Each structure stands twice: as C-alpha cells, then as structure tokens.
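Each of the two complexes below includes chain A, the first together with chain B, the second together with chain C.
Moving on to the complex of A and B:
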C-alpha cells in the first residue's frame, strides 16, 4: 500500500490557513452599488418589520459561518422572515436587484454552506418555528425551518411518535433536509432522503412550490402521500440541494412509533478489523439494529476525557436495539454471538433512558471531545462513505495513514452505513500540519472513490468538496446538475458558489 | 355525499371509443421527409446489425401498445441495441435527425407509455439482458433492461438474496425504475424509488451518464454507495420519468436476504370498512407486514372463477409475513387480534411455497380475472393513493359510486400503501358506459386529491393522467418539471407527449 503524494490541486483550498482567520474586517464592497442598499433595506423592512432586518456587524458575522473550519463570510444583511409569504416577498426583491440569497437554519453545518461568498442577503429562518399538521394516524408532521430536531421530538413527547434522524447537532429539520443529513439512526430509519415526504420551497424568483401536490382548495392541508408516481420527483431534487435551488420553508416528515423497548450497549474489540467485521456481519444477518457506531481507540480516549467516562481505550462499538421486548431478545442474542466470535468484550448495558442518554451524549460530543484533545486547535471532519464490504479495508488503511503522517484524527463512524468521520484536529498556525491534513483528506476521499464510495455521506458538498464532487460524478453528470441549477436559478442567486 | 357530474374535460380523452380501435392502417406520414428514412435506416443497421432493425408492420404494432386500453401508436421503426454504446450511437443518429426515441422494455405498462405519439424510433431493449456485478456482501446487483423481475430472482435463487418489488407483471427492472413501479411488497420493502441505487442513462444527445458516481479508472465497476449527500439526487429524478428524460440502460438495485420464514393468510370481513380498518390498525401497531392486499367481494368472486378457487365472496385481505420463526409468531398474533376485533374470519393459511404461490398468483391475475367477468370487454385500471387514515372513507365512497353508476369495477388494492385499483371493465362499443367510466375515474381521482392523495400511486402518468398531474401539482410545479425536461431534452425527443 502506498500513499504517494499526488499533485495538490485546489481541492482543499478551504484548508489553507487563510480559512482559519476569523473575519475581522467586514467586507466593504457590497453587491449593490453605492446607494442601492438605501432602496433595498426599506423594502426588506416593509416586508418583515424593523426588527426583521439587521446590518449589525456582529449579527452578520454570526450568520457567515457554520461549525466548520471554513472561514466566516458574512452576508451584507440578515433578514428574519416570519412566513412563507414574507420569504417569497423578500426573494422577489432580491431577484429584482440580483442579490444572492443564503438560507440559514441553525448554522450547525460542517461544509461552509452558509458563507456569503458573493455577499448578499442571509435569510435567517428561526422565526418560522411552527409545528403544523401533525397527523398521528398517518405518521406525518410538517415543520417550519425554525423547528429543530429536539424541538420536534419535545413536541411529540406525548403522542407515542418520534422523528429518529439524528445527526447529533440540534439542527433545523428543514436545514437537515437541505443537506440530506443522516446520523446515528440511519442504519435503521434511513436518512432525510427517505423521511422527507413533501417540501414547500421558495424559488429564486419568489414563487412558492410544493414538491408533491397541494390541492388548491385546501390550502391549510399539506400535500402528503404515502407513495406516488406522479411526475418527476421534485422532493428528492431539493433534498440535499444545500440551498442552491431554493429556500425550504416547510418540510413534511415521516414519523415513527416510539419503540416498545430500547436498549443500548458498548462492546470493545481487540482490533479495528474485529469491530468492523462484526458490524458487517450483524447487518448481513439482517438484525434490524437501530444504531451501530464505531469509535477508534483515540476517539474513545477523547470521549472518556471529555465526558469523564472510563470505557476501555480500544476499538469500540456503541449499539442500540429497538423493538418489542421479544424481538429485542432475539436481536441481542444474534449480535452477541457475532461480536463474541470476533473477540469482542461482554456487552456493557445501558437500559434506562438516562443511562442511554449519557452514552449517546458521549458519542454526539465526539467533535468537542476531539477538539479538547488539543486546546486552541481547529477541527475538520472527513465524511467518506463506502459499500459495507469495503469498510474494514478503508478504516484499517486510514488508521495507518494517520499514524504514518503524525496526524490527530480520531475516527467515529456510522459504520452501519459505511460512513465514517476522521475528526482532523490541527493547529491552524502550523503550515506543515495544515498541508499534511490537506493531503490526507484528499488521499482518503480518493481511497473511498476507488472503493466505489463517495466523498460525502452526510455533510454535503458545500464549499469544501466541490472539486471532489466533480471528480466523483464525472463531467457529464456535473453538466446535468449545472443544467438543473440554471433552469431553477438562472441568475445564480441561490446560495451561489456552493455544491457546483 | 354527492357525485354531481363535473364538466367533462379532455382529461379522459384516452378513454373515448377511438382509443379502443386497434390500429389497422399504419401511419403513413413519417417523421422524416420522404427519402429521409433511406439514409437513417442504414445508419441504424450499421450500429446494431441487419437483425437489429425492423420496419415490419406486425413488429411495429407490437411495440406501439402496452397492456392498457390506450390505442396502439406504432413507431416508424424498431431497433434492438445490444449495448449501452449502441444505444448511445442510435440516440446520436436520432438526435441529429430530430427523431423521437421511445424506450421499450416488456410492454407491460398500464398508462400507454410506449405509444409513439409522434412516430419515431422504438428502442426495444430486450437484447440487453445481462445481470452484472452481483455484490452479495453489499446486497446489490446491476441489471440491463432486458432482465425482468422474475429473471433476476431466478438468477439469485442460490444466493440467499432476492429482489422483492413485485408489480405482478414480469416487467423489465429498468422499466420498473422508469415507471417508479411498486406492487404488493411495497408496504415492507418500499417502491422502486427506495430500491434503485444507481442508474446508467443515455440522454437525448446520446451522452451516457451515471446518476451516482462511476470512478473513471474502474469502468467495470458500477458506481454504488450506501448513502450519499454528494450533489443533486439524479437517481430519483430519472426514477419515474417514464422515458421522457433519457433511456435507462442499467440499474443497480438493492437486494434483501430471503427471510428465514414466510407465511401467507387469507381473512374475510363482514364489511369493506372492517377490512380497511384492520389494515390501518395493523400498520399503526408497527407490525412489519410484508404484504397486505385488499380484494372486494366483486374481485374475490372474479378470482374464484378465474382461478377455480372457493374463497368466501366477501371483502378480503391477503396477508404475508416475513421474518424469523420467532418474529413471525409475534406478527401473526398481533395481526389476528386486530382482525378478530374487527369481525374478521379465522385465518386460512398458506405455509409452503406452492400454496403461497397459488394464493399470490390469484392476486396477481386480478386483471385477467376482472376481464373474464365480461368477455369481449376492455379494462382500465384506476390507481389513486391516499394517506392511510383516509382509506376507509374513499373505498366506501368509491364502492357506492360504482353501484350508483352501474359500473363493473372490482377493487384490488395495496391497502398498506393507501393505494388501490378499480379495474374498470367496459364494453368499448357502449358509448354510454364509456362515458360513465370517464366520469367515474375523474370523480375518483378528484376524491383522492381532496383527501390529500394522488391520481397515481404506481402506474405512472403516461398518456392517461397528464391533465390530472397538472391539476394535482399546480401550474408552478409543472413549470419546474417542464423546465427540467427542457434542460435534459431540449428537442423534446425523449418519449414525447408523455407525463407533461
């Protein structure tokens, strides 16, 4: 196996030191010519009120970055619409004046998707926070962009229903739709692609569409159906489009019954290979496992330190089973047989909600735990995903690559989906380290592509993976994507510079 | 409840008597001007051989119709490419000469999708019949368009894997992808949308794309991944596009482990409401039922006659359970409790493969059984789909409507998906009956729309539902769909006149 250095292209330009510099001086040169804003700002205010528009420096900076390493690119102005009609009216103004529109949910993205590369108007959607049209008997609900994952599940608490997709962060559900997010439960419940039933979208020209139907005479009812073969699938065109095709102002989600029983467990392994082989075998046996998360020794050590835990420092699986009491027994028995055959430890159980909560909090804090390994450093998360059978090989090779290149990159992965993250912790002022991280992430992505994988399983393309997307899809498919973008957004106003 | 006649628009023009007239005189006026074909036909022959091109009248007629009531619209010529390269070369010729391209799989569609409305070239894909790249450990396989559902499952027989999506007909799997087909197993395994992982598509200009990635240096490996958020979701744009955006030349499918145990059962009910209520309750309880099919009294009577069976003539559910022996016990117990509480009969069991096969053959023969009720008549199947909670209401209303209007329309439905079919059997020469069928199908579709449903759950839009699609989606969403079509097929050569 060789890790020959390939010519460094502009793929990882986002990782150059300049990206780590927080913006201190605000962009002076606005998209509008001098005086233009004087006409536009009052128009915005007439739509969403005095309080609904801000030019403040701190506010703009806050809306110019997500949780990633990508540097802050503040918009020229932030607006807070309160309804789809206001989003539409604002979009029409932007369309008329050729102003970029950047949708903003909770800013918890990891690929720089909210940066205002060309200036423009940030649409902060947090004031649209209604849960609408809960249909318990049909297992669906609609939410506005201000509703987060945890918010929805609190709302559902007494209904016996829940929404399982869980990327860790308490993200906006519409934002999760825009990024095609997934997380720890995807192995059982699917990603946003499988769980978004309908979207309301404001297009670049301000027009409002529903991606499945909305019967004109029943405006209060969302257009929802169990299945359809009616025309082109617009829903899945907008899921994962990262704000580049329109602003998602409402999403209808599939809900699930809260399982009768849930139990979590932790199991440690003598090697990475043993842990990953166990995962593959559990899934191939058809166990409908709800969560199966891999943490390597470095990651578990970081989690122990950050959350004051004492798991053995070894390759580890965090598992969770959902079902009836009876089916849980069966699932656990089969899984234990497999892990033990691979040299895994006895399961350490987390049965009650509180203990389970502590366990999963540790997993979801992985990002912060990794950062805490080297105070003052920044983190960048890789996000490759490969077919299940290729997973042992790529994880083993990646661990070797990290060691060879003296990099801190604890691994946490949704291994049930073939998706794993190296959380690259680096000193932004150490130019040599930054370059080694570049080269590592590029090698990792190409290693995934060579194994029939993808450069991004769930974080999206955003800023950071545009060149890799091109490499992954080939020029013709990219041309098709560009054609779709141009059709829906001919002026290139919707979150310009992202994805393509 | 009223069934006031609405003004009959052109929605159901496909049901006028002219549609039942089999084409006897072949279209004389070709798309090409006189002499044009003399240059084009040799070009086609140079691509796919002498045997790969036919102008024969019988051959063209055979390729101008599917299994529906839509009248035969033969193409000008039929070609049989043997590879994606040949499809691409033929498409380039068509593109140059502005000739429509109509992809043809097995001709088992139900909405007239293969009719050559504007003449042109039928691409019969049955000679591309390879099963490629079976990855047992990753549960996926790729197939060319000549591979049918049953053909693939025969191929997989000894692998312990199967492909469950089952529309009844032994359709081409690529054709099923093009129509977004589903069928009796969708309640457990999803439709084609959930089970197509990657597509190879020849676009109108002859270029070949893969909807997920294909690593350029590994041309023999299909681009497959478990999940991705890399760019726009092209796969689901082509799934259900009915040949209007490109020719699907390969599809990568998700496979499933053959369940350890399967058992089928039949249960009769005192009323439609009781049968449908049971379905809704079984699903709401979370039983992972594999099939739950409703047949009304008229349908079961027809099935009894056609298949020499003796089920009680009453509203009936055909059920199937998949799982481990243990989980089957649990599923059956819960389901029996529910059906009995709704006044259902004891289950009549089908345990061995042969008995189960007979049961499901009866269900899948419903179309022919319905036709046999009135020899010499033609059939048209409605295809509405509504949210589960609305299902009892719409089925009860629809039964009343059928009776009030003296129509033969046995009902068979994938009720677990909210999808059901009235198989309208009518005498094409009885103008009055044909008009009553028009009006009925229109009322039914609008009834579904008013209940948050769709006019087509699985048969597609094709010819028959273009106006309803417009009504269902609204003008703006249709405009978006039209924009996508124009982007991918600016000359409108791909199966023109369908869907939009």
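Moving on to the complex of A and C:
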C-alpha cells in the first residue's frame, strides 16, 4: 500500500459499513510466507522466551484493535518483551527482515492507532511494568510502558503526589505520551506535552536513545533536571508521534502535589451560549479551575436515563476546584458570580470524595450513556478543538448541523481547553446514517480548521484523520514531518499507515 | 470526649505480584513495595472523620513491627491522626506475629491509653485472618461491631451497620467497643504534601511488647508456603457428542 497524498475519499474508505463489525473473519492459517517467518519466530522466542511470542488467532485479534470504530487489523505475531534490551533486540530482527513494528500499550486508543495495516509484529509492552526512580522532592517519576495512569497514582498514594493527566481510560502512560493525551484536568495541569520530561525510545533499527537526558542506571539519582536549553527538543518530537517514529520504553513524568481540598459543582444554563460564555469568562478572570466540562441537553438527558439521575435537561457545566480551603472559597465565589450573571442556576455542591464521585459519575459514564440511547448502535467520538473565543460559535453551529441532519450526537467536552466531543451514535447497518455521520464529522473538522482550530485535540491522528492533518498543517509542514519520518525510519517499519 | 486507637498494618502493596521464596518458607519481601493495609486506611479515615465531627478528641495510630512500620504510622499521621505508637517487634517474633499477639498488645494499650474505641481494618490482605478485632474485643470483654459499613456515635452508644451474608445488620453497642472496617465504610483521603510535612513533627512513642506485659510466643508454626497450582490447559473437542462422551468418561455425568 502506498501512503502518498490521497483525496478525502480515503477517510470514507475506513468508515464503510463493513468496518464497523468489531473484527473481520481471520483466515485460520496464518498469512505467513514460509521461509522468512520460520527463521524469525525462533529468533523472537530466543529473545523473549517461549511464552513471550504468540501466533494465536485470538491473541492477534486482541492486539489488532483498540476502542475506536476502526475494524480489527491483527498483526502476524505478538511479542512481549520484558526489557528495553529485548525491545531493541526484537527491533533489530524486524529491521533486518523488513517487518512492520506496532507498539501496543493498553489498547485504549480512539483512533485505530494499533491496527496492523501491513501485518507485522505487535510489541505488546505490558510486561514492562515497573515504576522507577521516584524523586519526591524533584516531583518526577519514571515509568515503563506497562504502568497505567491509575496504577501510578495508586503507587504514589502515600507520597502526597499525583499525576493529574486524566484521559478517562486507564491508559498506559507511555501510550499517553505517544498520543500526546489530554483529559479533563488539562485546563489546570496541562497535557502530556507539558508533563513529559524525558523519554527512552527504541528506533526502528534497534538503537536506544534518550531524548532529554541520559538515563544512566536504575539507582536513584538526585536532582534530575526539569528545565534545559540543551539541543533540539527531541522529547516533544516523540510525544504525539503515535508509534511512527519509535517505541517508547520509558517516560519521566512531572508530578504535582495532591490538592489539599477539592470541591465540585454542577450548574445549568438557559442556553449553550450562556454556558460557554461563562467558561470563557471564568478563565479570563484567572480562576485556576481544575476541571470545566460541558454537557449539552441531549447528553444530560442520556446521563439521567443511564444513571437514574434527575439533573435538569439543559446545557450544563460540571466544575471542579482544587486548592487550599481558603483559595477554594475565593475561586468558588468568583465563579458563582460569573455563572449567575449568565443566567446559570444555583450550584449543586460536592465536597467529600464519595459525593464528588457520584457527581462526576454522570460525566465519566457519558460514553456509555450515549450508547444506551440507542442500544445496538456503535459510537464514534469527534475531537475538535478551537481557540476559546470561537467556542460558542462552533458549538452552536455544530448543534444546528446535528439537528438539521437528524443525527444523534450528544456533546461532552473539556470546554476549558476549547475541546469538545460529539459522541456520534449510529447504526452500523444503516448505510445512509453512516454516510451522514461521516460527512458531518468532515464538516465539523473543517469548521474547526476554519476557526483556527485543530481536527484532533487529544485523540491523535491515527488511521482516520490523516487527510485532515494535511489540510490542517499544509503541505510544507507535512513535508518536514515526512522528512523526519524518513530520517528516523527509512524503511517505514514503525506503525505504517498512521499519522502521515 | 474520647480517645480512639486505630491499628495500621504494614503489608505488601496490593498491586505487587507476590512471589514465593525458593525455600518455601514464605513470600519475598525484600525490595518489594509495602504500604498500609487498605482496610486499615479505611479505619484511619473513619477515625479522622469522627474527630472532624468533634465526636472524639484524639486519634492514636498504632503499629507493631520493625522500624519500617513507622513509615506506615507517618502515613496515618498525614491522614489526620494526632500521634502514633510503635510497638517494636523484630526478627523471629515479627515473623511469627499473628492476630493473638496483636490483640493482646491492643488490649493492653487500650487500658493504658484509656481508649473508648478501637477501630481496626476487618482483615489484613497478607494473611486474610479477620481475627484481630474479634480477639481484642474478647480479651477486653468489650462489645464488637465488625464488618462495619456505617458507624454512627449516639451518646455513649455506637450504631453499626454490618455487612453480612444476607445483607445488612444494624446493631447498637455501648462504648468502649471494638469496630472493624469493611470496604464500603468510606473512601480514604489521600495524604497531601502539607499534611505529610506536618506529620513529620507529630510524636511517635516507642515501646516493646514486654513493656505492656505481652508475651509474643506463637502457638502457630508455618511449615511451608506454596503458590497455587498452575492452571492446566483445557481440552477442546470438535462436537457435542465428543463433549458428552468425555464428561461421561471422567465421571462428571
């Protein structure tokens, strides 16, 4: 398959009806050619051990799909390296035999990033699951790819530190680095881009590099640097590269102090405009709000039904404030003044962990609540992001588009970052609806681009947004990206068919 | 206003993959992450909540073991306990230490500190004994509210909602009493950095079991520790008839 510039139709090709079947029938015998594979599989086994290699159909299918609507594209073989040395040895074998390499963390991505379009070898990194080098006073920790976000925060629970980037899923932290993940807390704590300090990456030819500073040994070192002007910013080159430039085998993350107190609140508004205007104003006053999530009336209705709640069915903001007791009072007072000035309702409050959990459950279950609106359907999440000043306009226009085209698309979003998701619920067997959804998402992405936004705020480009990336970046930037890709991976073995 | 003793046990962290020692004498603990037993965290949280509601005056965190357990006590202090007591037990005594010895220690401390409530986790995740609370109450001849999922203090009495097999049982017991915390009692708070720093200044008293008149001799000897047997591969059959034949052959039907 060639990956040269293609017209928009390529997006559609990935979204045709048959693609929504969770996994295509895989032929019983492997599609492996004799000779080549017979040498390679034993070589893999000598690196990872007998149990570290699998050709099983079910195992390969498991590693060929993520949580997106893209159909399952299983690799030819799955390997489980246990250390960076094993990853490097496996990469060298793949490099020698021209085999594609697909890194796999937790499979919780939303853009089809793990699909093995050209077959190849899936590097399942879950056995590399150590938390290393926690430096409490420097507020940093290094983790291997098998460590998930919740796993790390559980490990840190006695230290008073946490890693706040929260994309919802319990994703691998190195995977989050690879997709430059974000989440509900980004408005206060930033995304992965701001919080990844160093990476250890294995390139397509097996070389191991460290992007900001050399990890020397496993022994704890004092005073690792967080700020540096030395050389090109390689760390942020690999953050967001979605496995197309190398396999991330270790990441150092910036940690934060656990907030002394947290308060959550829910507020309903008479219109989308009022809710979004409130968001913009709250941020403009400099309130260091931790989470500010928007749910439209369709979404709230779905949540009410799914969780048996009784929130008023209207545009709603879910807010969370972090800080000391005193600063919370201030933050809340300022925010309440703003929301009331915009016609917002009184706040529904939650202070202690259990009540806050119940309050946020509605937001966290949004995906499932949307699916429950139409049982038997599948869901696809859009992911555009625009400058704050354009947010009211794009949400209002998008809702009009949804209504005009009779589409089910409840909206939930991290409005604090200008990022929102339409959860498009569609019947995979209704060709007409599938086409209408696809055209809607294209219009939405273009609408965002026209308002100086991006087609993907946090989910990544993956498989389905490559053409949109070209439109967004323009041909010259794409050429530079292609040049970097060719330099680091001349044989195009690293996760082919993604991003570019 | 009263004083509460809370027991906190240092155990291997719940997320760690346990490995049996090659000599089968126990599990590998060297270099392995340890933390406060999750049910003890819930017990600490409940005690701190009672203090915040001003129903009790002082919360004392107690742990028995070698020097490392002071880390666990410090975590309890960071969560809001006022002071700690480290009952030093090490070496063979520590390896053989079990609910009987701990309950004797707690009974002695309860009298010494004039406690009105002892709150413990319902069980530890390493031995799963679920005995210490019950034994402590028996030694003191105090009432017990075990598997508590809800605790309400009402004057000199405590109303406890207990999780039992059939559902929930509500009892009212008089203080002084022993309570053991079950999973749904509360959600423990995270220790924050400012509280961790404050905790460094709180006092941890040090004593030995002998100071409390407790004899640590164990009546239990661990003979051998083994991993659970590895799961055997299943057998696939082609047809339902084959399945029925096989089930008949091995006597299942």
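We adopt the following convention: the second predicted complex is superposed on the first by the 468 of 500 C-alpha atoms of A that agree within 3 Å, B and C clash if a C-alpha of one lies under 4 Å from a C-alpha of the other, contacts with A are read in each partner's own complex, and residues count from 1 in each chain.
Here, a contact is a pair of C-beta atoms (placed from the backbone, for glycine too) under 8 Å apart; a residue touches a chain by one contact, two chains touch by 3 or more.
If you're wondering where the values come from, they're calculated on a predicted model, not measured in any experiment.
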Which one hits more chain A residues, chain B or chain C? B
Touching A:257, do we find chain B (first), chain C (second), both, or neither? both
Per the contact definition in the header, classify A:161: touching chain B only (first), chain C only (second), both, or neither. second
According to the stated criteria, A:135 is in contact with first (chain B), second (chain C), both, or neither; which is it? first
First (chain B), second (chain C), both or neither touched by A:279: neither
Under the stated touch criterion, which partner chain does A:353 make contact with: chain B (first), chain C (second), both, or neither? second
Who does A:151 touch here: chain B (first), chain C (second), both, or neither? second
Could you tell me if A:241 is touching chain B, chain C, both of them or neither one (first, second, both, neither)? first
Can A:195 be said to touch chain B (first), chain C (second), both, or neither? neither
Going through chain A, the residues touched by chain B and also by chain C turn out to be 257
Residues of chain A touching chain C in their complex? 151, 154-155, 157-162, 257-260, 352-354, 357
Given the complex, residues on chain B that touch chain A span 135, 137-140, 179-182, 186, 191, 193-194, 203, 207-218, 221-234, 236-237, 239-241, 245, 257, 280, 284, 286, 324, 326-327, 330, 385-389, 417-419, 449-450, 452-461, 465, 469, 472-474, 476-478, 480-481, 483-488, 499-500
For the complex, which residues does chain C have touching chain A? 13, 15, 33, 35-36, 75, 78, 186-187, 189-196
